[in-house]
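Labels run A, B, C and D following the written order; every chain starts at residue 1.
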């Protein structure tokens, strides 16, 4: 049994990680930290866990995380980077679900996140935890940067096209939509149901932190500079991301359906839908799958990809467990066999 | 492995049953029938099942249901009663998720369901499949009538009070609320999202079919006649039932919390919440639990119970699987360990 | 033109009052106060008002409210009572949309609201602003206590029955449901869309502040002591209240439909629906109507009333405007002719 | 008073037209037709209209539409074209809210709508009813083709850019999102709340009828061929459209904010939001406004426009009333002063 600790278990990413970990056959949850809720039973805060765990939140310093095999950070940006060096030095492996280690270029990270990086020396060894791209490196990593939710949906949709040089990279468009759980579980007037219900809007059009993250991923597989326009939107639902991706094809002769199917043949959590499909976010609600459809609308010179994930599963906690499975030589889908809840 | 057939797999109860059965460790799904969708792959209709089953719907007559160990009927009312006699006679055990066998009194059934009963001779042996009330009889049953969704939530909330004679049975009130999946998956203007979204209403105040079903259950454990006022409401959400129950206490001295905890001590799917709680439907979304809180508001002469279930799980498919587990000597919670999806 | 001031214009009651007042033909909005948003254009906070007002929020002390004919308080409980005495003494009429003057008995108020009342001397003259009960007194009032949202829906449903002594008052049940806007527009984890969406729950079963308010209203028209069990619930929608009311009839011979129609014949905002109806909250969304249906389910000894309002209109801002119209001898429905938004 | 008839009053466009017309000061509603609901009181089908109209639906043939000054068609595509010639010949002016007269090229229309056009001779004189583009022609029109909902939001967002030749027209992207009321009020499993709630998806990626309509509008003001990729999506809410538009700027020096403000200076229903804004659909819920924000994200070579309307108002019934006002020399905003419902 893998001894697992969770730092920061009170947000939506945290409770989702707990949902998966309490049912995981090969790991033992030994500590869940929260400064604010220290002493409170986990199941009192999250009644879906009643009867499944008798752990209580503990203060971070009391958590004896050094005795874990693996620690997940489900903390706000900027927290993990202050604690990871000591853990890693002590032989504990780490998966950070926040953004501290996602961007390799320290200057870019500091510009977008508005703070100094506390341990830039670890940036080179941190592995970007997208298994469909970095499976082998993840297996051996001490420190995994779990990808952002939008970046997961967008990268999986663009990768086959860019790896094969089939689109004009100077004008890629990613129009993305997320349920409100992506904004987290903190007191915020803007995220009240009275504000978010029955309404839809774009946000962060001038720039969003996930843009440089996606650009980094795509640039690594592209021969050309990547010009990405990325606009996120908020949907009045709780879970789910849909990304609609647009690019101009440089080669109209390619069989896009076959290309995508071949690219992800080995990836148990990427499902290429049949031609003509329109994936729904509900088809992955609570599950770790990414479902993708690829289209080339009538004129044939444009490719449109629709990619859906559950932002809290494949976009966060599920992908983190997938990474854990790789790091500890388990089956990649161990403990991740939840069937999406439909309806 | 139990060989299982599902008759009528295209409604919400059907797809929920499939969600549970494809992941159940001790059963093998051998046939799913649908006259309308015959020949279509199940996963084409329900994309959450992609990769989990390669079954296609078959016409009912071609299904060779007689070779199954167990057949679930997830059909409209009035269908099962025409097919069950032959199956049972052939040694196949049956769980009917519709209402055909829920009411023992044929005349009452015919009045409320507006048709003649096709096999009244089976009514006496049909077991009402509420495990918390009839566990032993279910184990041995050939034919189980799976309870209605509202009746499950209401009966579990009232049973401890009525079994012990603690309330005035002449004026019981059950004010119940259901998500829209309870109305099924058939084309119906009234259930469009444009009609049901952002609105709330009572319905069927003059009378609802679940009233006699609940009354039958409560009458069986009551010394007095049961006068039940039952009003259902529609909530603009997909899953979940909440029942708020009101009665006058005849004995104010009883410790209601202890009473409820003791009553359900042996029942793994009934969770009595701590004193002062208000169960949320989301705490059971996708799970087979019923969570209950019991209150005696300020004057102390009234008891108020709030009981929540997922109408498609403990209110339908999950309870059916729980009954199957009992009938085939499996652990009662086998294949029913889903953690509720929160948020 | 009536010169109107609004104290506390940044909550949902405030913005709804602004929606109605900017379109009201006989009043001129001269000041909107908010300490937190002082200096900000009202239309920057509430984009639905763009082009309709060029007012900015001002600090309360700078608002020169003494020059208004009427001041609305849309503030948290406990604010109005500290400012009303000076305004009233200066000849300004006041409508308080909070609870400060709703309960005549100072001790009861202080118990439920957990603070000392700042101006108990005004309690005797404050008029409870339910026009359907107190129309004449409202016309002449200096100080109107605008009713709570639940109390409006519940009182209008029970009044005809209790005024005529037709029900047993010792066990009245009001099971009420509200959209989330009733909980206000302040930062609160519990009211995030991630917490409230797709879920339903009861709350405040042990006791809610609207219970004594309703009890006071009903007691004033009852010959008997009123025993009221009141349970509120939260519905995953923004606007709307539905109240389902239960009582035992003491006289089964009465024509309930005729009784209700007669009682409200003069009331332009109370709509008695045809026999057999089930009012939907969406039928009053954005409008000042209360729609009511009265039923006597099958046994005939019980009466069930379903009453719906928009909690922000008839349950708050619309009723306040209705009261203003009465106080200033306008037509009662002046500026209140909005048609409910359906769908 | 303008004598007005409505053909096909039972869908969402129909009831929205009725909401606006019953409150319009200069028109008299003389007939509402529906074959299916003939004889039924309009207010029985749409309870928001109780007390506001005593009309009943009449069969189309009995409606004496020839005596109206204006007839609105709120019918399915293909109905108006069979009845309009006779009406227009008799001097009745017509606004068709369906698509029969939107596309000037008969062959294109027949290809996309899958039927023969019944009166191609009227196509040349039909005026495309977008007042911000064709105000003068609408004033004099006998026959107005009311624009589609998506085309209204998209055209208003692209027009300033294309009229001034500021973007590369060969690759325009319109990623659009609509509430479910856009799909109409007919029995359809796919639009049940159980199917549409808590989920998001793209649809019609291979081609949607609004694409040629938008292309026609943009082509009329463009010097270059217009290459438009248009993808619609369904949002789990009832009302509202948001369109996010992407294009490459050919001239980075232009002040986009000033351009948009100048373009719509005379248009009372188009609101250009301040720089940096992200319009929400709720800011126009129930109102006839289109709110637009224009951005040029960081690199500066791309323009992103976000445009919101209420699909049933500016996207259908409100725009139709706006067109009526123009046709009958009323103020353009007559009867269209509804304030958006927020929250």
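The definition used in the following text is that contacts are C-beta pairs under 8 Å (C-beta built on N, C-alpha and C of every residue); 3 or more make two chains touch, one makes a residue touch a chain.
Keep in mind that what you see is a predicted model, and the values were worked out from it rather than measured.
Give the chain pair, either A-D or C-D, that is connected by more C-beta contacts.
A-D
Greatest Cα-centroid separation from chain B: which chain?
D
Suppose each chain is reduced to the average of its Cα coordinates; what separation in Å results between chain A and chain D?
39
Need the CA-centroid distance for the pair chain C / chain D, whole Å please.
36
Touching two or more other chains, which residues of chain B qualify?
12, 181, 185, 194-195, 197-198, 236-239, 279-280, 282, 285, 343
Which positions of chain B touch chain A when the two form their complex?
12, 15, 19, 22-23, 46-52, 181, 185, 197-198, 238-239, 271, 273, 279-280, 282-287, 291, 312, 337-343
Once bound in the complex, which stretches of chain B touch chain D?
Interface residues on the chain B side: 12, 180-181, 183, 185-189, 191-198, 236-238.
For chain C, which residues are in contact with chain B within the complex?
For this pair, the touching residues of chain C are 171, 173, 175, 177, 179, 194-195, 197-203, 205-207, 227, 229, 231, 233, 235-240, 242, 244, 246, 248, 276, 278-282, 285, 293, 295, 297-299, 301-302, 304, 306, 308, 343.
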